[in-house]
Each structure stands twice: as structure tokens, then as C-alpha cells.
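Chain naming follows the written order as A, B, C and D, and within any one chain the residues start at number 1.
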Amino acid sequence: MPFIPHTQDEIDAMLAVIGAPDIESLFDDIPAALRSGPLKTVPDALSEMQVGRLMQSRAAPDAGALNFIGAGAYEHHIPAAVWDIATRGEFYSAYTPYQAEASQGTLQLIYEFQTMLTGLTGLEVSNASLYDGASALAEAVLMAVRLNRKSRSRRVLVPASVHPAYRATAHAIVHAQGIELIELPIDPAVGRVDPAALAAYDAEDITALVVPQPNFYGVLEEVDALTDWAAAHNALLIAVVNPLTLAVLTPPGEWGAAGADIAVGDGQPLGAPLSSGGPYYGFMCTRMAHVRQMPGRLVGRSIDADGKPGFVLTLQAREQHIRRSKATSNICTNQGLVVTASTIHMAILGPDGLARVAAASYANTHALAEKLRPLGVEPVFAGDYFHEVALRLPVANAAPVLERMAAEGVLGGYELGRIGWPDAVLVCATETKTEEDLQRYVDTLARALRS
Amino acid sequence: MLIFEHSKPQRRAAAQAPLTHASMNGLPERFRRTSATGLPEVSELQAVRHYTRLSQKNFSIDTQFYPLGSCTMKYNPRGANAMAMLPGFLGRHPYAPEAFSQGILSTLFELQQMLEDVTGMRGVSLTPMAGAQGEFAGVAMIRAYHAARGDTARTEIIVPDAAHGTNPATATMCGYAVREIPTDADGDVDLAALRLAVGPHTAGIMLTNPSTLGVFDRRIKEIAGLVHEAGGLLYYDGANLNAILGKVRPGDMGFDVIHMNLHKTFSTPHGGGGPGAGAVGVSQRLLPFLPVPLVAHEGERYRLLDEQDRPQSIGRLSAFMGNVGVLLRAYVYMRMLGREGMSRVADFATLNANYLAKRLAAAGFTLAYPQRRATHEFIVTLKREARETGVTAMDYAKRLLDFGIHAPTTYFPLLVPECLLIEPTETEAKEALDGFVDAMAAIRAEAASDPAKIKGAPYTQPNRRFDEVRAAREPDVRWRPAV
Amino acid sequence: MPFIPHTQDEIDAMLAVIGAPDIESLFDDIPAALRSGPLKTVPDALSEMQVGRLMQSRAAPDAGALNFIGAGAYEHHIPAAVWDIATRGEFYSAYTPYQAEASQGTLQLIYEFQTMLTGLTGLEVSNASLYDGASALAEAVLMAVRLNRKSRSRRVLVPASVHPAYRATAHAIVHAQGIELIELPIDPAVGRVDPAALAAYDAEDITALVVPQPNFYGVLEEVDALTDWAAAHNALLIAVVNPLTLAVLTPPGEWGAAGADIAVGDGQPLGAPLSSGGPYYGFMCTRMAHVRQMPGRLVGRSIDADGKPGFVLTLQAREQHIRRSKATSNICTNQGLVVTASTIHMAILGPDGLARVAAASYANTHALAEKLRPLGVEPVFAGDYFHEVALRLPVANAAPVLERMAAEGVLGGYELGRIGWPDAVLVCATETKTEEDLQRYVDTLARALRS
Amino acid sequence: MLIFEHSKPQRRAAAQAPLTHASMNGLPERFRRTSATGLPEVSELQAVRHYTRLSQKNFSIDTQFYPLGSCTMKYNPRGANAMAMLPGFLGRHPYAPEAFSQGILSTLFELQQMLEDVTGMRGVSLTPMAGAQGEFAGVAMIRAYHAARGDTARTEIIVPDAAHGTNPATATMCGYAVREIPTDADGDVDLAALRLAVGPHTAGIMLTNPSTLGVFDRRIKEIAGLVHEAGGLLYYDGANLNAILGKVRPGDMGFDVIHMNLHKTFSTPHGGGGPGAGAVGVSQRLLPFLPVPLVAHEGERYRLLDEQDRPQSIGRLSAFMGNVGVLLRAYVYMRMLGREGMSRVADFATLNANYLAKRLAAAGFTLAYPQRRATHEFIVTLKREARETGVTAMDYAKRLLDFGIHAPTTYFPLLVPECLLIEPTETEAKEALDGFVDAMAAIRAEAASDPAKIKGAPYTQPNRRFDEVRAAREPDVRWRPAV
């Protein structure tokens, strides 16, 4: 009986205390007609050794490619110490820190995490995490609607340069509350929000404006102008940012004259492995004035009965377990363990380490784009890009070219054909890529274009 | 000491970032950060030491008994972690092409099937990232179902008063009004009240069975009949699935949709507050509405189905495909338990709970529902103790920490005064349960002789009891350097 | 500066306290003529990411084979929990537990280890580990010579069925002390010690007799008779055992009428990965009467100033740091971390788990030998074997056959040609091998024999 | 509580062994065990919880400052562990054929070369499994060298009185008599005594430089000359190599043979007492005698050299090729440090030691060799304090534990009374050193006001001070169930 410690002697003794003839009789409240028959799909048990071999056989075929895909999930080096410590039993198998006295490890760590995120975003308060970047955007939209009492429209402008899956997720989560997400087109020449398109809403009641930085195409948005537009039009400004890039890019709190109201994004680049898309974590930072409308858990520093400082979950009156149908969100479990890893990751990398990672990723992507020019490969957009770039291949359809590259073990990028640019590929070369890796990309693409 | 207090300008963990600082010549000045991030500057050893020591300040399953009702704090097999962390799984990009995806997709497909099997549902989507997101998906599907039928009058979700807070919060997020109904004296849904509540405005009902009161609602078929007759659907909150795994299936009880907390029933780690996974299962009529992506098996290949394949889907709840690493751990756990292991979970979770309940009752504690069979959890009410000695459920909870035992869930469900909701789980040995009884009895004796001592507990933890009011009144939610 | 925390400000402040102008001046005691020039072979530093990629490239080509080699190192399943816990910082980065109050974790664990090993061997006392099985045999020989005051010969009988590397190691370590290891031949028909050969020493002064179980060829020795011979001839009996097999085989403490005096062996099958041969650990158990001649560390239970029980290193007067040139051995550092893992391994497997592993290994090896008979493959020896068997291939030279199997990814066994049996292979199929694995061996060998 | 006290008959961790018990029909009765093994019968959770909690009772580098002289307790990079535990390395059988060995052999070959480079030796063997085994190999090679020359009169090894206990113990194991020589007032070898000691009976001398007194013997060339002229060889005990890495090479000082403690200088973990690795390096004349196996690079292939390739070898010291997993960690560490990182080790180990020595002296403590430059370690003598207050070096050591700092090495070297041998290592930050000075000063103040308190320390550990005499007099070295 895997994981069950009971011996027959103990079972007998326990049943005697209960006064039941057998375990089966403990289920006598369940109507007989409802009782399950044998399971059909669940196979017989395997030992850890057997499952281990099975899982190795599952993991092996998905491994071994040289990856140049980004598109919202980025390959970065994670120090070995990070997950070694995060998976220590005391972090790994702990519950949500409701009993503060028995959870100071997790609570202090989250307080440190909150401090780090406010530092990166330039805002005043961070929650303890949301699920991922996409759902964090949805929560930010809901929060903005609650906050913006001057606006009645429940209409939010979302640029087409926001990650398409983020837009889809936000729509799925907010639409039942009568909130409309309006797509704001980009200027196809430069790859960022078209100021003319924005100007079309000058006279409208807009609850919030979403601004990605860098945007889905890797292009840097003119965040100052967009932020100032929002402030001038009584719209809240929701920033969607890659937190790693904030080591070197202007933080949302400093955008424009007033800064962003809410910054969200995905913490994955800060210590979470790619892992097929999760678990990552969403983060959310905002102004202190907005804290009571912020969803998710929050840790605060307080003092105990002896006056000794320590940490507790605080402002829980926002949350579902207290406020039920009037809560800011239904979120309960969030992404604690990934936050644990990410906090350790940020502590080890530090400001200089993260800046080096960001700079190396910037430099590698730019170097790769340059190396590809001789093949007739050009950036789709003229706008400045950071560590990801949309490249137009000298073919009508990029998909078969990517397939041929994959057959050689090189994942050449995200197919922009999925969202309407059939000849284009979104390419990312992080600090994990060497000179030889970049050259391998060039050589593989050259072969794929020829064949 | 905070990590920031170990920081010194220009200190670095030099092995962990590129050795040189690459140029970003082309980056225009206006995009460049000029302010400090405030991140700590520490050595690798300092970070390792700091966080290793912090970890030691936590209670956890790996170090303590954790009889936390409604949370199913069972052993998280280390093997499941090791297998989920295989480099092939960790390194795969979510947009990797199919050729580099068959291993993970086949695994997730099998997980979908196994979860359908144990819940009696017709389809499962793995994408929700926690129980609450599973709830959202479930209620959104109920909404989509009525909408697809043009049935727009249904504006209410019925929720029993014993429900988890996420239930009403979810209904609100989905644009529904919440109608609360009471519980009867036996801990079951008050059928008379339900009859009054259901009607053409009823979109559905959200139930847990066994309920958070630790009892199995014997009239579940009757409830299902009432709601279905009124045109509503039944939502099953899977928080308590551990109690009935392999014994009775929500699908067979008449539920239309269920979320499962894989981090409870299927033993993926709680991680200090996640990541969880809240897979949803549905009956035939809700199949078209499942959130995407789903994994399909077509001939020899596995592939992801997206919005284009599933036009009626409620859509996408995360950027990619949910908490895959968590799903892998649940898969490994299910394979290690196997067919027969599933019902053993319910067997021994229930045996442990009933044994513990009997022993606590024998030790003089009051069970909230002494006339009922306990399921995988049960409630002790300390109302009498609180009245007689002033020692409350919270005081018991804090004092238990000094005995090296995590507190049970306190003050939930809300309708039982001074309650402790106790769930030992199947992975704890009889000795752990006996130790809990001994600790409770010792506290009871202390409460009689020296109640002030208990009020001052805990004494053995890094901190004594906190001033939570002050924390909320003057929120200190980030560290700032002394100027 | 990897792993060095100093900032320039701190360096300056520290030098000021020291009163030195620079770090270089701290080395002024070293004569200038001796100072090193630049290193030649050590390359420039790599980041953890870079070394990680390098090491992956080194590990990959050595992986992936299906292994049927035993010969002193056995592939067994190790529960994931074992090394997860053993590599926790508190075990991994702790020093030898000289400060008992700050080392109760390690000390209690070793006390538990000692108890487990005495249980397995049926002897009264175990030390805290030696380096490996081979060097443990050498230490056992030295110990026997110290112990056996009735014998003056310093001659020790070592059967040819003891692992050849163990014999070589023992010779290398003991010969400088004038100790002679005499090879005792085996009966080539049955593969175990030839009783007639032993009888030749009936009238000789023999200090100790070494007895392996199972022996190097996997064959079970007639341990009772050998032990009784030693007792009758005033020789000490040194058992060399695979500790896993003791879950089901008669323990040395119960051999013959009096039992073995000393049992040694390699702990590898109890939780150490193959890892190219190390780190494993050697163990040594003996009678309590012999404890003061036992080398290595020993943990004892004692009480503290409050009368509370706890654990300390004890009987240190045997050891080099106290007794210096008169110590029982020069051993200092031993194999603590592997012992940590092994103790956890034994606790998790328990008596039933280890017995199942042993039985499955026995059954798999026997099943494989049976499956190979149709290929003309036969056991070399008629003696009962446990989970390893010497097989004679229907060819004059087994080496090229093994090479062809290896080319198909099957490591078919240890080449007995290295020690004089050119047509034979020593084959081991542990519990890690499935029916399909055994069939793959058969099919691969069949192809290799044909080609 | 011991693991055996969690045991219950027939309790099992059922996921961890074959699911069924295979038959051993063919095994004759006489070989079968009939007695119990006494191994514990516990669940996987019980084992995980027990050993996780035990681990928390340890001090370790990852949790505490460990200024343990002569032990070099520096940070053990987690990355080195992760890379050494790659499945390809863990799974390789020691007798795997060459085709499945090139990865590990090429790595070990490069490690041999790097160690030759940093020690100035001509050849390195990686096989010794700890420092003491490296010492054995070294002295055995000295013996083999003399024997090969027919020089059989050399029966003595000279050892300074400050040497590690392993030095004389090793000489004895190799069949030599030990001749101890004194140290002069400056902590250097007493040259006059050495001159008297050397002669045709001298096989060699075993030295550490810097010595265990924490000073560098400036007359090392003179010593080497004396010994070599007498026909003896020089053995370098590498325990203190951290002090001089990249600064001066033992080979250049005139040593013929050296062992390195990779678990000190090259930061492989101490592991609570091993596994270590004690690679040996030799000068030209000892090359033929290196223990096997060695790794050779021949054309495109790497292969192991054994006794047949190296007929003069002292032979084999382990069944296979030493503690390969430890060697891998050392290799990774050396590659991360790189060429320039090597001498930085000595730079900052020495800076830290000299800073700490100065600050302790300023705080009123007596340095054993105040006239000398500290190397990577130094000695404080508490002779005066012991006389004045009765508080001994051991009392300071135990009280330091209450400050969260591991005790320095006490009462070694034997010739300095009431000594603490203090080695901070290069990976500790200035704050840790300052914290140590503060703790020492606080204990000093306590010693004046309340010496009994210090005598009773520690107070914050799982146990108070132990009765070690009783432990040795009535050895209780294994648990037995109460009858």
C-alpha cells in the first residue's frame, strides 16, 4: 500500500476503537446505488522505479533541441542553488502560511519577494503572486474597473501588441462582468501602438489602457506617451512587463509623468524553468492607494506579543475566505513555490546579475538578427526591439522552414503565421546562447531555406 | 535579518550571470533605467545560508503532522518531484513543435483519462491553475451552457452556508448573484430551503460532498433531481475528493461539472501556497465548453486542441497550458497508487478520521456532528471549553504548535462556533494520531489549571503571537532602507 | 570573483585594519624566488551555466546503456527521497561531528547506521564507515593481525574467489607491514574455495582466513565449514559480504559454530549510485570484544549535563588525531555522506524491501541464465549462485561479443578474460531489469554471436 | 526518537521495492537467513520526516559560519553537486567499456592536468579516497622509490610536532618509524633539530607549509636541501593548500610528493565526515610509482592505465577508481574559478584570516604567533584567560555555538596550550568575521562576570554538554529493543 503506513494490527485496533467491523462500513452513508465499480482507465500500480523509467522515456523525446523560441516564455540560466533550496521539504511541503508563528520562513520570503518586485517595477506594493502573466492581466483589468470610479464604460484598450494568449485569457475571465476589451491596432511599420489609433479614443470614456513593454513582437513601446495619454484621459494605466528587462528598462512606476497604476507580468524569466508553460507565476504591483482593491495574498511586517518583529498575512479582508462573494478575486492558492524559487533567484543574481542577463540577451538577439541579414532575413518592424525580434524570411510561408530546422534540432522561433504574419518568425536568443549556437542557427536556417 | 540587510554595494554571485556585461549600444536612452532596483547584492553563500535558514522556520509535512481540515496535507512523494524535474520536462518550451512534444502530451492525455475515470465525468481539461480557477472554469461553463441554449434568465448560483469562500467569490466573478442556503442539524443541505431557492433563475448549485462539515450528504440524488428539474446544473467542489476516491464518483451522483485540487487529492505539493492545479471535469452536455487547450490523441500523434478546434470553449485561462509541472507530479502519483490505490486513499483517510474523532470524543472533546459518521475529516467544537475557561479554538491551535503539531483549520466552516476542522489524511500513522490526542488532552488539562499560559502560546516558535490588527492598520508590505 | 563576497570598500577597510598596503603584501613570508608564475593548464573561468553545458556534454555520451555488469558494483533502484535528503545543506556541508552538541543530526544518524549494519551482519559493533569494500578488507587484515596474538605468522589466506581488485588493494595496503596474503585456490568445477586446498594449511600458523559471500563469481561459499576451520585453527575469520544479500542470506555473525570475527564489504548496493566506482563506502563490523582494535570512527549514545540522551564520537583513543603513530589506522575523513544516504535508504526499504530487492535480483539473474541456455550459453561453475553468474559463451573469446553487444547499447557483463577465463562473462541482472530487458539481452547476444 | 522507535512490524514503504516478492526456490536452505535483521519498518513519510528533522539538528556551512582551522570549510557550490549528479555520471558502471567512458575519462584527465599545474608536480593520481589515503599513497611511493634503488636502510620518517595526527599514523602504516622534531619559537621547523635528525636512515619528511600553526616556513628551501642531501624525500601534506593556491607551488618548494584534500581546497562537500578525495601529485622521480588507475590520453581516446601499464606502481587503493563523484565536484569548482580564481582563493583566505587575527588581538585576545603574518588561518591561545577565569578553550568553543557560530578547531596543534585554530576561508563576508569578533568579545565579558554560565554552555542546541568519559567507559554503540 504505497504511502499508507497502517499495519493490519493497527487497522484492527483502530476499527475496535471506532466500533466498526471493517473499513468498508465507514462508508455506509453513501447510498449503495451510487457506489463506484472498479476503475477502468487507471492502470495497476507501478513502483517508483517503474514510474521512473516510464517518465524518463516520456521526457527523453522532448529534450535536446536548441531553442530560440521566446514569445512569453524565456530560457534563462537558473542557479542550481535556486531549486535545491526551493524544493527543501520545509518550503515544498508547507501549507499557505495562515499560522504565522509556524510559517516565518515562507512569510519572510514573501515579504522579501514583495520588496524585490516593487523595486523592479518602481511601484509601492506587490502581492504574493497570481497564477501567471495572462491571468494577472485579467485580474488587473478587473481591479482597474473596480478602482476607476470616474469611468462608467467598463471599456479597456488593449493593444494588438499584447501577447495574443494574454488577450484571450483576459477576455475569457472578464467578459462575464460586462467588461469590453477593445483591440488597439499597431503601426505595422514600427510594430508598436499606433498613436493615431489611440487618438481615436481621445473623447471616449476608457476605463484603462494596457501597455506592454517590451511588446509581444519584442518591440519597445513609447511608454511615456501612452502613460501620459491615460493620465490625461482618466484611464488607469496597466503595464504588462517582462520583469527581467526591468533590470535595465525604465520601470512602470516611472513611465510618463505619473507612472503606471498597475504593473503585471509573468515572473517566469526570474527563475522558473520553461516546463511546457508552467508553473510560472503572475505578479502584480500597484500604488499603495490602490492596495485594498488588489487581489491575492499580501504579507506584512508586524510585531509579536514580545514586541519582536515578524511577518503575517495581512489585509485579508480583501480575500475570498473572509469576504466571500464580495472579495476582490476568488484566488486562493497561488504560485508560492515558484515565488520561493524566484526570490532566491533574484537574491543570487542581484541587480548586476539580472542586468548582465538582460544585456546578454539583448546583445545575442541583435547579433543573430545581424548575422541573418546575408540570408535575406530582415526585421519585420523598424521599431527598437529588446531581446526578441520578428524576422521576415525570404519565403512566403515560414512554417515549413521552421519544421526543417526542427528536424535538425533547432527550434527557430515562434511562427508568427499563427497570428497573421505567415512569412515571419519571432526569434529570441537569450544569454544561454553562445557564438556557436548563433552560428548553428544561421547555418541551419541557410540549409532549411535552400531545401 | 532580511536578505537586504546582507546586501553590500557591488557584492555579486559572480558564477551566476554572464561573466562580462554585454553592450546595449543600440538601446535609446529614453528606455533605459536610471533608478536603482533595490535588489539585494549578496554572495551565493549568503543567499544559500539565508534561505536555508529561513526554510527551517517553517512547519511542513516533511517535518510535522499537519491535520489541516479541507486541505489534505498528505505526504508529497519525493519521487514525483524528481520525475517532474527531469531535464526533458523542464527544458521544453510551451511552443515547442509537436515533434518535441509527444512525451509530455501523451502523459497529459493519460492524466485526462485517469481523472475522467475517477470522477465519472466525460471530459477533463487540465488547464486551470488552482482550485479557484477550476471553479471559475466550471461556473463559466455553466454560464456558457445556458447562454448557448438562449436561457438568459438564470442569474443565480446557490451556495450552502458551509461552502468554501471561493464558491461565492467565483459565482460573483462569473457575473452571478449568490443565494446562500442553510445546513440542517445533521450537517446536510436543508432540502426545504433548497426547494424554496431553486427556480427558473437558478443557473446552478455549488456543492462539496462530503461537505466542509465532514459528513456525506446522503440525499445527494434528491438534491441533483431538484436542481436539474429546475433547469440548473450541479457544480462539485473537489476539495474533499480525498474522502470518496474510488468509492463514489461525482458524475454518478449527478454532478455536471467538477474541479479537482490536484494539490490535495493527488498529492502535489502545497509549496507554501501553490502552485496548485484545478483540473475540471464535465458531463456530456458541458463537453463543448471545456477550457482550452485540451490534449487529443489522433492516430499515432498527440496534439493540443485550441480555440479553433473547440469554438464553443469558454476559452483560455492561462497563457500556455496550465501548471504542467504540477500535472506531471499528479500523474506520477496516480501511477504509483494505481487502480487499487485510489480507493485505499479514501479507506485510510476515513479510517484515520473516524479513529481520531472517536478518541477525541473519548478524551472529552465535543464533536460537532457526533451522530454522523466522519468522512476524511470532522469537526470538534470548543464552544463549551471557551465558555468555561476562556481558552478558544485559536488558543488551542497556537498551543498545538508547541507540541510540534500544526494547527487544524480554525473557525471554518463559519457556522460551527469555536471549531477545529481536523483532517489527518491517510499517510499519517496511528502514532501521529495518538500523539495528537495526547497533545489535545494536555492542553485541555492546562486550560483548566493555567489558561493564561495557553493564551500566551506559542512559546517554541520563532515568534510569539502576532498583532494582526496593527499589521492591517499600518501595512508594512515592503522593506525600505533606513535613510 | 566567484564565491568571494568582498567588495572593494571592504577590502580597503580590512587592509587598513591589518595595516597592509595590499593583499599581495600578505604573502611576504613566501620567498620571492618561489612565487608561482601564471598557471598553464587551468583555463579561464566559466560561469555555472557554461560549466553546466560542458558537463552535460560530458555526461551524455556515457549514458543510455542497459547494464548487466555487476562485479562489485550493482545497479539498484534508489528512492528519490534518499539523495534529496542526503544532499540537504545540513548534511552535505557539515563537518565531521566533533562538536557533538552542534552535530546531533549526523551523530544520531550514524548511531542508527551502526545499528542497521550490526543487524544485517549479525555482529555486535559497526564503525561509521571506511572508504570502500576493498580498502575495508585491507583494514580488516591489519586489524586481524593486531588481534590474533596467538598467531605470529602474519599470514592471511585469501581465496581466489575474492574480488581481484579487493585482493590487489589489500596487498598494496598491508604488505609494508610484513603481512603476507596467500591465495587460496578455488575448485574450478564449482567455483568456490577448494576444501582440499584449505586442508593443506591445517598444520600451518594462519592469522586469518578471508571468506567472500557471495564470492566474486556470484557463487555461494560453504561459509559454515570455512568458519569452523578458522575457529579450529586459531585463525580469525574475515567475512567479505554484499550487505544487500544479508537481507536473505545467513549473516556472518551466524556462520559456523562461532560466527565470523570481522565482516567487511562495500555498502554501495544500499543506496549509492554506480557513479563510475565511487563514492561508495566500506563497512566493518566485529565483536564487541574487538572494538578497541577496530579502525575508524564510532558513535556512542551518552547523556548530557541535563541527563538528556544524545550522541557523541566515542573511543577516539583508537584514532590518529589522538593516538598518532599508535593509532589503529590513519583513517580520518571517511564516507559520511554516502553513509547518510545509505541509512535513509535502508530505513525506507526496510527488511521486507531489501529482501524483495535481493530476491528479484536472484530471480532475474537465474531467469536470464535459463533464457540463454538455448544459445549454448552455460554457467561456468556448478555451485549455487546468487544474483551474479559466470557464463561461458560458445566462442573462444568473449571480448568481441561483448563489444558487439555494447555497440547495440547492452553492457553484457564483466569480461572474465581479464582474470583468465577468456570465454566467460560475469553477468548480473538486478531488480532493475524487466522481462523485456532480459529478452533484449538474449536477442542482442544472439545477434552478437551470429555476426 | 530513533528510527527504530517508529518501526512497526510489517509497515512498508511500498512504492520503493519490487511490488511482489520473487521466489528464490533454488536457494538451498543452509544459505538462508532465519534471524531478523532488526532494520526499521517505517513508512516513506516517517523516514522522510525523521531524517529531515535530524538534518535540522546539524550545524553546516549552508546554515552557519564555520571557522574551523585546518578544515577549510568554504562554500560548497550547489552547482557542483547538480553537475556531479547528472544521470549520465551517476549511472555509469565502473567497468563500462571505453565507448561509454569518454565523457568521464576526459574530465578526469583534465582534472589530473589542472592539479599538476596548481601544485607544480609532474604527475597526479586521483584514486586516493581521502587525505589520509593520499598520505598513505605518498609515503608508500617514497618507500617504493627507495626500494627500487635498493636503498633499504631508510627506516624513519621525520614529522614535526605540529603535524596532523594522520602523518605519524601513515608513516606507521607504511612500516616506518616516526621521528618527531620540534618547532622553533617563530612556528617554523627547528632547523638545528632537523639537522640532527636527518641521515642515511631518513626515508623522508612530512611537512605542511604553511604549517598547522598558521605560518609559512620561510626556510623551506633550506629544509628541502637538508633532506634531499641526506637522500630523503619531502612529503607535502596538502591540508593547507588553500593558503597558497596560485601563489607558490609545492613542487617549486622542493617537495617530491603531495596529497591534496579536494574536500578542502577544491570545495567538495565535507558531508558530515566524507567522502573526501586525496589526489596525489609527484615529481619526476616518483612518477613510476603512482597508484593506479591513472587516466591516459592516447590519440583521440582516453583510457585507464592499470597495473599492467604501470608495473612499478604502488598498486591499487580502492576497488575501482576512487571517489569519482567527488572528483567531478572538484573539477566543476576549478572550472568555475578558472586560472585567476585560483590565486584569489589564497588572496581572500589570507585577507580574511589576517583581518580576523588583527581584530581579535585588538579585542584583547592573545595570538600564538603575533610576530608572524597569518596565512589562511591563525591561532589564538586562551592560556591567560583559562588561568584567570577558569574558562577554557573548550568553554569558548561550546559557548560560540549559542551565538550561531561553529567552534574553531580546539586543542590542535597540540603544542599551543588552550588554543583555537581559526580559519575563516575566503567565502565568508566581512560581516561574518565581525560577528565572530563580537561573539568572542561577548564571551570574554561573560567569562569575567559569570564564568559558570560559560561552563554550562551550550544552551541553544538539542543537547547540553556531553559526558564523553561515560560514553567511552560504557560504550553504547547500537540500539537494541527493550526486552
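One rule holds in what follows: a residue touches a chain if its C-beta (ideal position, glycine included) is under 8 Å from a C-beta of that chain, and two chains touch if they have at least 3 such contacts.
Which chain is which protein? Per UniProt: A, C = Probable glycine dehydrogenase (decarboxylating) subunit 1; B, D = Probable glycine dehydrogenase (decarboxylating) subunit 2.
Nothing here was measured: the structure is a model prediction, and the numbers come from that model.
Taking B-C and A-B together, the chain pair joined by more C-beta contacts is A-B.
Between subunit B and subunit C, the centres computed from C-alpha atoms are 46 Å apart.
The geometric centre of subunit C is 20 Å away from that of subunit D, both derived from CA atoms.
If you average the CA atoms of subunit B and of subunit D, the two centres end up 48 Å from each other. In subunit D, the residues that reach two or more other chains under the touch definition are 8, 10-13, 15-18, 42-46, 48, 52, 56, 61-64, 75, 77-79, 81-83, 336, 427-429. Multi-chain contact residues of subunit C (touching two or more other chains): 1-6, 10, 45-49, 52, 77, 79-81, 84, 87-90, 431. Contacts between chains leave no pair untouched here, as each chain touches all the others.
Across the complex, subunit D is touched by residues 6, 8, 11, 15, 43-46, 48-49, 52-53, 56, 61-64, 75, 77-79, 336, 427-429, 431 of subunit B. Listing the residues of subunit B that touch subunit C in their complex gives 8-19, 42-46, 48, 52, 77-79, 81-83. Those residues of subunit C that touch subunit B in the shared complex are 1-10, 45-49, 79-81, 84, 89-90. Residue ranges on subunit C touching subunit A, taken from their complex, read 47-49, 52, 77, 79-80, 84, 87-88, 431-432.
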